[in-house]
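By written order: A, B, C and D. Residues from 1 in each chain.
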């Protein structure tokens, strides 16, 4: 079997996750090169995984004609520009989320991708999670029936550093963006957003101009309603649940835990906390999204997670920000498309 | 032990529930009389439970000086007038919810009760439910920590008849009223309401001017946020859950089921549906609210579920209706107090 | 509706349970009299429940021609003699378990009952438990398929007083007797018993000639195998579980708990301990067995829980004792029938 | 980092599992060679995983001085002889279970290993399972308290082919052997065995001289009691549970499932069946046992799963066979040591 050659741009945490998925679990792909502006990081990953080339400058990857696909795992502010260059270079693209924090730049990426005739898959890995993918299947096959209420719970074990909060685009673009994508994945297009937000975790987050706790009410075009609840910190750790209610029944995904052991004594029965954070909770989904990406590259197929999904999730985030700022229900049509 | 004498006005379903609680489970009270405009119904209950007197006209109960407390279990439109008369007659009052569908009338009841120096307990039985009362205790004792997010799920197994829908005051006054009270019971006073409603169960409900599916987002004075999700019909039956998230952790109540049996075969593992409807689900709470009522009467104590709670739940319902009608966030202060 | 008149012999804890079931939940029966050798106990119950007559001497009950059925709730050593007298007096009999600790005496009861043409229901209340009765139904309707393995867990929250242990007949006759009946209820007749017993809770129990921890392996005539595990003390309380494995699947009953609330914090997720002890756990089953008894009396039907079931459970207990004493597998046919 | 060189003897299913663990998850080891009497199988694995050498004759591995450790993954009847040869060649040994079906041969292996001063780890992977290892930790740290009752459930989704049954040594040596090891892992040494066995799955298994359903009662030297229940076929799939009851409480491990999704509709609530079979259920444990093996080789440490554990598990299996054959309790001291 001939292996397809890919390059990875960015050798940080998520770049390493993808590098390992490809090396260990995707037999029909090979990482030909990895780059990082911090070149020692690229070198270390290259040595560990037997990647033959490593660079400081990602253009070396884009200019390598043997490399058919690239993974953009660099910092968020560079995503769009690199994606446009990669498209011009004729590469298939896997881009970490968010593509950008502005509609304009994402649309420029869409244009570049369309013009070049390549494809871009965005890293909404949760679509590939075993629990959520199974619920999607129950919805698709009609087991749940016409959807009526979609509820997403998404809470982190710890808030990010305040320095990060300040450049993150805010909770709706940084954290809820995954939940907006999940809402669309399950319920289709959204018409209206109302965000009910508060600072309950850390006043410093409020001082940085952001909120840390939010309920986001959604109205879907289908007539269904939805609710996302977010918090930057849950004392018990990472809380990732989904509940989908329809005419025939309801599917709900509980948190994954490290063990299935129950201990019971005079104080009551106890079980584990959820898996610690996204790397533990979503490890399998990172591999599965990469498997789909490579499959789409090899077979020139459309991915189920396109750059358009990145655009729409961003627009929902912008609508939520506007809802908080103006303290009212916001129609998605009010946000630049 | 001397038994306190009570009279029951209304011998329908809920009147019978209370009559049995008192007869079988509350040794320090005795039902002296029961009335119903359909006197044969009162007679039947009286014979079954050994109640000595039954009447068509509830005034016979109000005029009986031996009767110290009355239960108002008649139709909703009569609650307020009877309550005012009962207060004037110096009776302690247990009144089924809702006291009335208007603020004006409830305030008249409050006035009458205050003037007469009697007390009125309203039938928000869910406060006495074993699951919810335990969560309230966890909140009160600080185990959950400062509250951040309160989530209430409340769905019925079947919608009521359309004829009832038309006179019910709508889903927010008829069904959500219990959930509004639960929200206040756990989270304290509410500042703002946004209701995101739809007709997804039965178009006839929409034609009757009501909705059958709703998400109601709440902002509490404490800074916490809350969400109630309602549906007039869940395929799997009565869905009554509560989830309270705070700085130290989260308490959540699952549905009660008829058995704890799991059956597993080649199709997977299966368990029961929830208990069928409110009579099955909340039977113990009906007895416990009545036990508190009798205790308050005997010891002239204040109940934890007053007519004021009835007023505030109604105001939240009116705010939700306004929110749907005007498609915007509504401050509770906009509603007559 | 005419109420059937019953008499209760023994006004202790279990006598009171049945007295309340009949008074509050069984409309077609009435307690005409109650007796206790400690007559003040009988008097107190009579007054509380409105029973018109109370006696020191149970013969007053047996001699009352209006009383059609009696409940024998006195101490175990008196069960058989009273049952024989009651049968001679033509009464229908409900007898608490065990009928007696010897085969000879139980057979005398069977003879008396047969001669008199009356019926005797024994107080194996667990057959009426919601969880276990549902598993029995799954077995009867073929959902589980041919039974292969039956597992019963039965552990108490606290051991009884040593004084009681000495006269109890030992763990197998006193505690396991319920489990032996459950084994037969689900799996039919037993052929062989091997009991693997130990003293792990309290050396004083060993000094009293008994054991406090036991595994009892069963071979059923059907070819299925079974295991009962007992302990006189579980730190977490009353543990009452059943697991039935067959060709098509498995049904298992978990413990019942006071609430369905889960609390999760940085230490993990926790839920309640099981309901405290048999009165809490099996309250509904006590009412349901009494409902069946009254129904059998009124309609002269055979009960599903006969004196023969008491005999067979005793024989299994004696086989288990023999197995421990002789440290070998014991065939049930070795025990006097 | 220098990688330790290992050789794998046997390229079948379990050989491939270990080969992948080492290649993908154990950075400090490298597979230098793989052999199989069916050499094309070895070649295929070698090519897939980038192993440089493959052989038909395992002696090529034993004779390679660069290879420090070998994995014996060939058929059971060859384990002991190869292990003895490997010990003589000075290799560290990982040997799949069972080492042999006779005490004599295992003792010869122990002798050879001792003489050569090498170490042998046996493939009782379940000791490394996340659930069971956590229960072991709860036991070790005293959370459970002095152990009183140990219960192991172990049922397969399908029986093996009859041809295999005939050479397998029977259910106790082939299937229960893992459970015997788990019993010893948790509860320490065993004193007595009583096996209550039946043929309930397939008469052909009985005709082949084996049983397919068994309860094995254990008495531990500590005074605790234990029960293993086995069945060659569970309609719902692989059933792997453990329950450990002690003075302070109980720890129990439920089955692992593919998802945490619950679906509920008018038929009730349903969840997944357990993970299909041992490869799915125990995948992580295979990697973890191999990680320990490599760690022990590199640091010349004693493994926690030695050839002596293989011997004792075999002796328990032989005791169980004798118990069935002679229909009595068997002391472990009756079995050659």
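Here is the rule we use: a contact is a pair of C-beta atoms (placed from the backbone, for glycine too) under 8 Å apart; a residue touches a chain by one contact, two chains touch by 3 or more.
Just so it is clear, the model here is predicted, and its values are computed rather than measured.
Chemist: Go through B-C and A-C and name the pair with more C-beta contacts between its chains.
Modeler: B-C
Chemist: What's the farthest chain from chain B if centres are computed as the mean of the Cα atoms?
Modeler: Relative to chain B, the chain with the farthest C-alpha centre is D.
Chemist: Averaged over CA atoms, how far is the centre of chain A from the centre of chain B? Could you give it in whole Å?
Modeler: 43
Chemist: Could you put a whole-Å number on the gap between the CA centroids of chain B and chain C?
Modeler: Inter-chain centre distance comes to 40 Å.
Chemist: Between chain A and chain C, what is the gap in Å from one C-alpha centre to the other?
Modeler: 58
Chemist: For chain B, give me the residues that contact two or more of the other chains.
Modeler: Within chain B, residues 235-236, 248-250, 264-266 contact more than one other chain.
Chemist: For chain B, which residues are in contact with chain C within the complex?
Modeler: The touching residues are 23-25, 27, 48, 130-131, 134-135, 138, 143-144, 248-256, 258-266.
Chemist: Spell out the part of chain C that touches chain A in their complex, as residue ranges.
Modeler: Residue list for chain C touching chain A: 235-237, 264-273.
Chemist: Quick check on the complex: what are the chain C residues that touch chain D?
Modeler: That would be residues 145-146, 148-149, 151, 155, 192, 194, 196-201, 213-215, 217-219, 223-227, 229, 231, 234-236, 239, 245, 247-250, 327-329 of chain C.
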